[in-house]
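First the structure, then my questions, so here it is.
Going in written order, the chains are labelled A, B, C and D, and every chain counts its residues from 1.
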Amino acid sequence: MNLNDWIPLIIVATSLVPGVLIFFLHENQTGVRTALNLTGAVVKVLLVFAVYFGVQRGETYTFRYEIGVDLEFLLHIDLLSLLFATLSAILWLVTTLYAIGYLEGSPYRRRFFGFFSICVTASTGIALAGNAVTFFIFYEFLTLATYPLVVHRGTEEALQAGRTYLWYTIGGGTVLFVGVVWLFVLTGSVDFGDTEALQALAAENETQLVILFWVLVAGLGVKAALFPLHGWLPVAMVAPAPVSALLHAVAVVKAGAFGLVRLVQDIYGVELAEDLNLLTPLAVLAAFTILYGSLRALTQDDLKKRLAYSTVSQLSYIAMGVAIPGVTVATGALVHLVHQGLMKITLFFCAGNIAETLGLHKVSELNGIGRRLPLTMGAFTLAAFGMIGLPPLAGFISKWYLGIGGMEAGQSWIVVVLLASSALNAAYFLPVIHAAWFRSPDREWKIKRTARFLETPWTLLLPAVATAVTSLTVGVFAATEWSPLELARQVAESWYSRR
Amino acid sequence: MIWLLVILFPLLLSLVAPAAEGDARRRGALLSAAALPALLAGLAIVPVETAAFPGLFLGAEFGLDTPRGALLTLAALLWGIAGAFAGAYLRRDAHPVRFAFFFLLAMSGTFGLIVAQDVPSFYTCFVVMTFASYPLVIHTATPEARRAGRIYLVMAVAGELFLIFSLYGAVQAADSLLLVDLAPAVADAENGRNLLLLGLIGFGVKAGAVPLYFWLPLAHPVAPTPASAVLSGVMIKAGLLGWLHLAPLGQPDPTGWAEMLIVLGLLAAFGAAAIGFFQEDPKTTLAYSSISQMGLMTVLLGLGMKAGASEAAVAGALALYAFNHGLAKGALFLGTGVVAAVSHGRLWVMAGLATGAIGIAGGPLTGGALAKYGLKETASLAPSPWENLVLGLLPFATLATSLLLGRFLWLCWKKPGSQAEDSPAGLVLPWALLTAAALILPWWLNPYLGLDVPVPAFSFAAWFEATWPLVAAGAILLVALRLSEKALPCLPPGDFIVPIERLVSMCGAAAKHAGLRYPARGSIDLAALSDRLLALEDARELMDRAEARLSRWRVVGALFILIALGFILAAWAI
Amino acid sequence: MNLIEPAQLPPSLIIVPILGALVCFILPGPWSGRVGLLTSALTVVAAGLSTWAVLAEGSQRHELGGWAAPLGINLYLDGLAAVFIAMVAIIGLLVGIYARSFYATESDQHGTNALYWPLWLTLWAGMNGLFLSADLFNLYVVIEVVGLSAVALAILSGKPPALLAGLRYLLAAIVGSMAYLMGVALIYAEVGALDLTVVAEALDGGLVPRVAFGLMLAGLMVKTALSPLHFWLPAAHSAAQPPVSALLSALVVKGTFYLILRLWVDVFEGSITYAMGQFLGALGAIAVLWGSYQAIRQSRLKLVVAHSTVGQIGFMFLLFPLITVAYEGWGYAPWLAAAWTGGIYQALAHGFAKAAMFLAVGVYVLAVGNDEKDSMVDLVARLPMTTFALALAGVSLIGLPPSGGFVAKWMLLKAAFSSGQWWWAPVIVLGSFLTAGYVFMILRQAFAPAREKLQLRPVPRAMEVTALLLGVGSILIGLRAEEVLLLLDVDAPFEEPVEPEEGGAP
Amino acid sequence: MDIEPYQIYAVTAGLLFSLALGGVFLCRHFFKKIIAAKILGAAVFLLLVSVARRDYEAFADPVPHAMVITGIVVAVSAAAFALALARRIWRDTGRSNFDGDL
């Protein structure tokens, strides 16, 4: 093995090592902890960028380790992994900063940051996993590491949420386990991207492959919050805001969505999946989830719950996108993976800011809040507009590709779904924005935290604003060489050019 | 670079808007200066050529052609002047900075959508304009403004959805992001008919087309006057511009929507005038007049989609018409602000207003006359039944417009003026400038920008044709208003939105009643399921008892023997 | 490697702990612990050397007193035995360290605590003997040694519940071993030999061997506490002291499981039928579901863990239907190796995890003062290391990656699918699910904040550390399956017919 | 077919074994259970001894005898242990059976 082959492992370790070390620190060693966290996060971002150049130059990064018999632990960096790894690396950095500010002075921070870093490790691992086994390992790892964060507050509600969370994720995990083993039995240890193994089996094992597909979808669907397996997501919102922001809006749910992408593209391959008539039902399921999530979001008064249902809805764009054959629509789905992450994390940061600064949690309490927290609400507004799909924000770009791709594939019904969802997004976001900016406050704010010059401590403000600006930037400069869109396009093209 | 300046300059100025918080004059200067680059570009005073920005959006391209040059000039002029007007108008406003910010944002969007050559930038700017106008609509924060804002927003979002659907399809069919490629692609595409319809609906919301106009008489009047002016003068033209991009002009219409457009346009021209006549607020009357005028432009577009018309001529005529209407309507809207603010010299103001009104109605020597002529020219090229129909109805449309605007003047006159006036000059000057521009500029710009609307030769027949509707309208008004001013029935603004609103709220209540607003959880709640399973008292007891039994020696003994026997038997099985 | 003759290793595995036990028995309390630990260390060294020897040189056969097979008693050390010996050694050593600290905290007036070491070392010797014996009768003797010393350990606390449970355990053990011995007698009547290999060669179908096998299996099942014959286990394992619970749950039940496995693949291979495999598998499935469900229902922590053992034993028995090939006798099938590894891995993983779990629970109980589930609040904050150990063990029990339990369940599932016996898959899934249910039931409680300030008694660091080490161990064996598999390959019962390289030697 | 003597012993051993098994599982009192368990052992030893002398012409097979001797030792110690345990329980709690446990 040369150095390149160790790099995937090192990328994973950049969050694992600080995470583990943090457990050995004393609760009050804030400085060391922060330094460890931020160093890890920065190093990870740098490494991911370095690897991006490497991959563009055509270098390969593959770490193989035999667990035993035929189980193989394989980390491999391809463009798709980079897409997800970059997202989680950057957002980890931002969220770490946020979490430092958010949890200032609260108990059990050591535990929080330790598990937080380990969660990121898991999601990075999911990104870099090179075969189904490795994917599954990190997938379950993620479940476990997230649990302490969900129940972090230790309240009855949090514990209950943790229980619900576990029922779903462990359930999904075991189903996925069965699926992965089954897949393994059928094909042996196969790397992602090698779809020929299954194709060769297609003729005689059609029914088996169909059932297997749905077993895997059921397993992944829990984290991807596909209807009717999404029930955990709104409940898990009792976790502290950084957790909701990074994990529940991005890492965990993306793990599921990312898994679906891998499943369709890198395990079955679009052609086979289409031959077996698997894609349309998946797309319909995703479409239903999109509408359902939006409808449910409409009636939530709790801001974080509203955002959670919005996540349910927005995530299924990815599933729907990969379930429609075509380069354009695949690009849309992939870029949504990144864009949705940016926008949703902003929204959650803002919700966290509101809760942390003013102690407000309900949509109905937000009248006139724009005057008290202009920057926060500005970021919120940008992100919400993005979610609706308004240009020139990130969400527009994904919807544009999904929409045009849908037309291209001759399935204009998905455009109808997209637009209906946009309308619903507008219906649940615009009232919030309107209330925040154009209504006058009902009463005096009960201020929980203040900063001297800013509306709220900079560690809370900066991440929100930064991600909001990023989601604007990636939309405005979508066509540049450096945008997520470009990367997504390369990935999508590589899928469709390999046949 | 000029293109970026056109769009970005207002955007940048919007960021410094707070600097002009207290000073009306500085604010006026700021708001009008923002339109300067656009004006320069529109009049092609600086060299303009199409420029591509490959990294922007999905690869942006900006440029101008003749009709869009006219529109940009219109937008820049109107916006600049309205901005200057706003400086003074908002001197006692609670949130002048907010107004300025969104005014500039909407300005940027409007300029952008006019100069955009590619779909994403066009749509982006379109959206920016739409959403930036919302705060302008609800700026006064009165209940009416809120209601209007709500309806505006719903309609705007709905319009965007239709629009983007149509754009997705058109872009996909054209396999190009450029706006110029859309219309041919739509004409050729298999589903072009549907795409075009979607586009017509989507832009139709903005253009105030029948039957999507009802937000307009609510939203335009409640906005602060300068905002009303730009809303009614320029923003509704954005819809028209959109139609122009999508509709295949000057060729046999493959889609069959041309007739629909003509009929709906005529309906708008007369219907809106009729409804507007029975309004009580002068600004609402003006809004209806805008719908009516847009109806005529819709007719023009419909005719342009018939065979025989030349694309350039249709576009030119439309641009000229829009230009004239935009300036004049802007002038009238500003005029309502002036007439409400001055205490002395109301008569002069009324005279100015009348001039503007005549300009819209197409009175002789006004820009409107030229615009109407362009309309006629295009109509005469249309195939047979439509040509006669439109040409025959046109004078009556003028009559209707004249009646409506007469009613408007009457309402203005009746409206009590301001008691204490401090600086009407800040209001009067921009208004006067705009009125003058509305009268003169169409004549100058027609050749200057190469719109190629033929200037009619002087003839008494033409004079008569242009004048009699005005005179007749004046006569009817004098009689009618004298006779039955008290008895004049009045219609609610937004007309049929009122029953719709009631219906919607009834449906909402019904849905709430039926529990539909809170649909069941819908997910498989594994935790609850497990709870339920574990809470099944009987089953649990059964299991507990079974476990207790299993630890009794007697039971164990039986099981032991059974299992041993089971194995022995199984040894004989296969 | 010439330092010790490899062939001398097997007896040393038995002799060293026996001698240690004797010395410990004689010496007074404090010394007993020291000598005990020393003996443990020596035994671990012996076990390590044995393992190494097996890896390096293949299976070892030792003829006690130089008497050859038919008459003399043989000790036979192959991969399978080495794996179990190594497991017992590692877990035994760690539990021993834990026990030393544990007994240092216990105030003990009768001095019974000093009996831990002699009893445990005897048990250890018995276990090693069990793994090494290649003789049916000798096996009877060692399972009795194991059984008696285990019962004695279980009642070490002298408390009435422990005594009652101990007697129940003892009677069950006697019944089990008598049934086994009856089987041995029948076998001897049939073939006149006791050595496993000799018997295996001599056996053919017929009534007597089948009855014999049935009796032996049933007896051993009672001793393994395979549900529904688990009646003695929860009470005995939960009433014992923490280190003892760990030993009983993690190791002792493995002894008889090992013996069943030996008999199944090495002795009765000729008379195994598909139906027998399915029957045993069905019992395993019942155990998985029933034991795990009962664990969820318990309100006392130690009972939860004890019932969990019942469920986990069930997983091990899923191995049997999968290695039983219908109609084909003992032909090779590609999934055999997977099933084999899976079952044994389950035994290993469960050993580590359950030991860790009982030790961790022991720490909890020591700190809190009782073992009611509801009192175990806020322990994540107060005893993080132990809670972490518990969580790691739980992860392995559930079978989440990357842990030993994961590898085990992976292999079992894989074999289930490949052999077409897919109906075991839902059992595995449901079992994991239920396991997750009770593991997180404990963890959830640990995250709950305390209503009033908890007064925890101090717990020696060594106890926490050993629990954690075992927890980490249960994960580590999942990360590094290669060596274990190499070891298992030495004289594995299933070899590919045309295998170019001889499995084993690295 | 002649019934050889050793077969009679063997069958007796089987019957005894069954009876003892019943005794272990059905008797309530600790001592009865322990005695039943002893008989269980005795049954096995009887079988072994009978097996040892199947052929009257030859010497008795020494191996089963060795087994029986060893077995007796083990069984005695187990029984002793059980009795001691039962007595201890009786002393500590006054109980002589597994509570209502038949």
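Here, a contact is a pair of C-beta atoms (placed from the backbone, for glycine too) under 8 Å apart; a residue touches a chain by one contact, two chains touch by 3 or more.
Computed from a predicted model, the values in this text were never measured in an experiment.
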Interface with more contacting C-beta pairs, comparing A-B to B-D: A-B
Central subunit by CA centre of mass proxy: A
Centre-of-Cα separation between chain B and chain A, whole angstrom: 37
Chain B-chain D separation of Cα centroids, rounded to whole Å: 100
Whole-Å gap separating chain B and chain C, where each centre is the average of the chain's CA atoms: 78
Intercentroid distance (Cα basis), chain C paired with chain A, Å: 42
Chain D residues counted as touching two or more neighbouring chains: 21, 24, 33, 98
Residues of chain B whose C-beta touches two or more other chains: 530, 551-553, 556, 560-561
Overlap residues in chain A, where contacts from two or more other chains coincide: 163, 171
For the chain A and chain C complex, residues of the former touching the latter: 23, 66-69, 71, 73, 107-108, 111, 136-137, 140-141, 143-144, 147-148, 151, 154-156, 158-159, 162-163, 166, 170-171, 173-175, 177-178, 181-182, 184-185
Residues of chain C that touch chain D when the two form their complex: 71, 137, 140-141, 144, 147-148, 151-152, 155, 160, 163-164, 166-168, 170-171, 173-175, 178, 181-182, 184-186, 188-189, 192, 194
Contacting residues of chain C [partner chain B, same complex]: 175, 179, 210-211, 213-215, 217-218, 221-222, 227-232, 235, 271, 273-276, 278-280, 283, 290, 293-294, 296-297, 326-327, 437
Chain B to chain A touching residues, read off their complex: 54-60, 120, 123-124, 127-128, 131, 135, 138, 141, 153, 157-158, 160-161, 164-165, 168-169, 171-173, 191, 517-519, 521-527, 530
Residues on chain C engaged by chain A in the complex (per definition of touch): 337-338, 341, 378, 380-381, 384, 391, 395, 398-402, 406-407, 409-411, 413-414, 417-418, 425, 428-429, 432-433, 436, 440, 443-444, 447-449, 478-482, 484-485
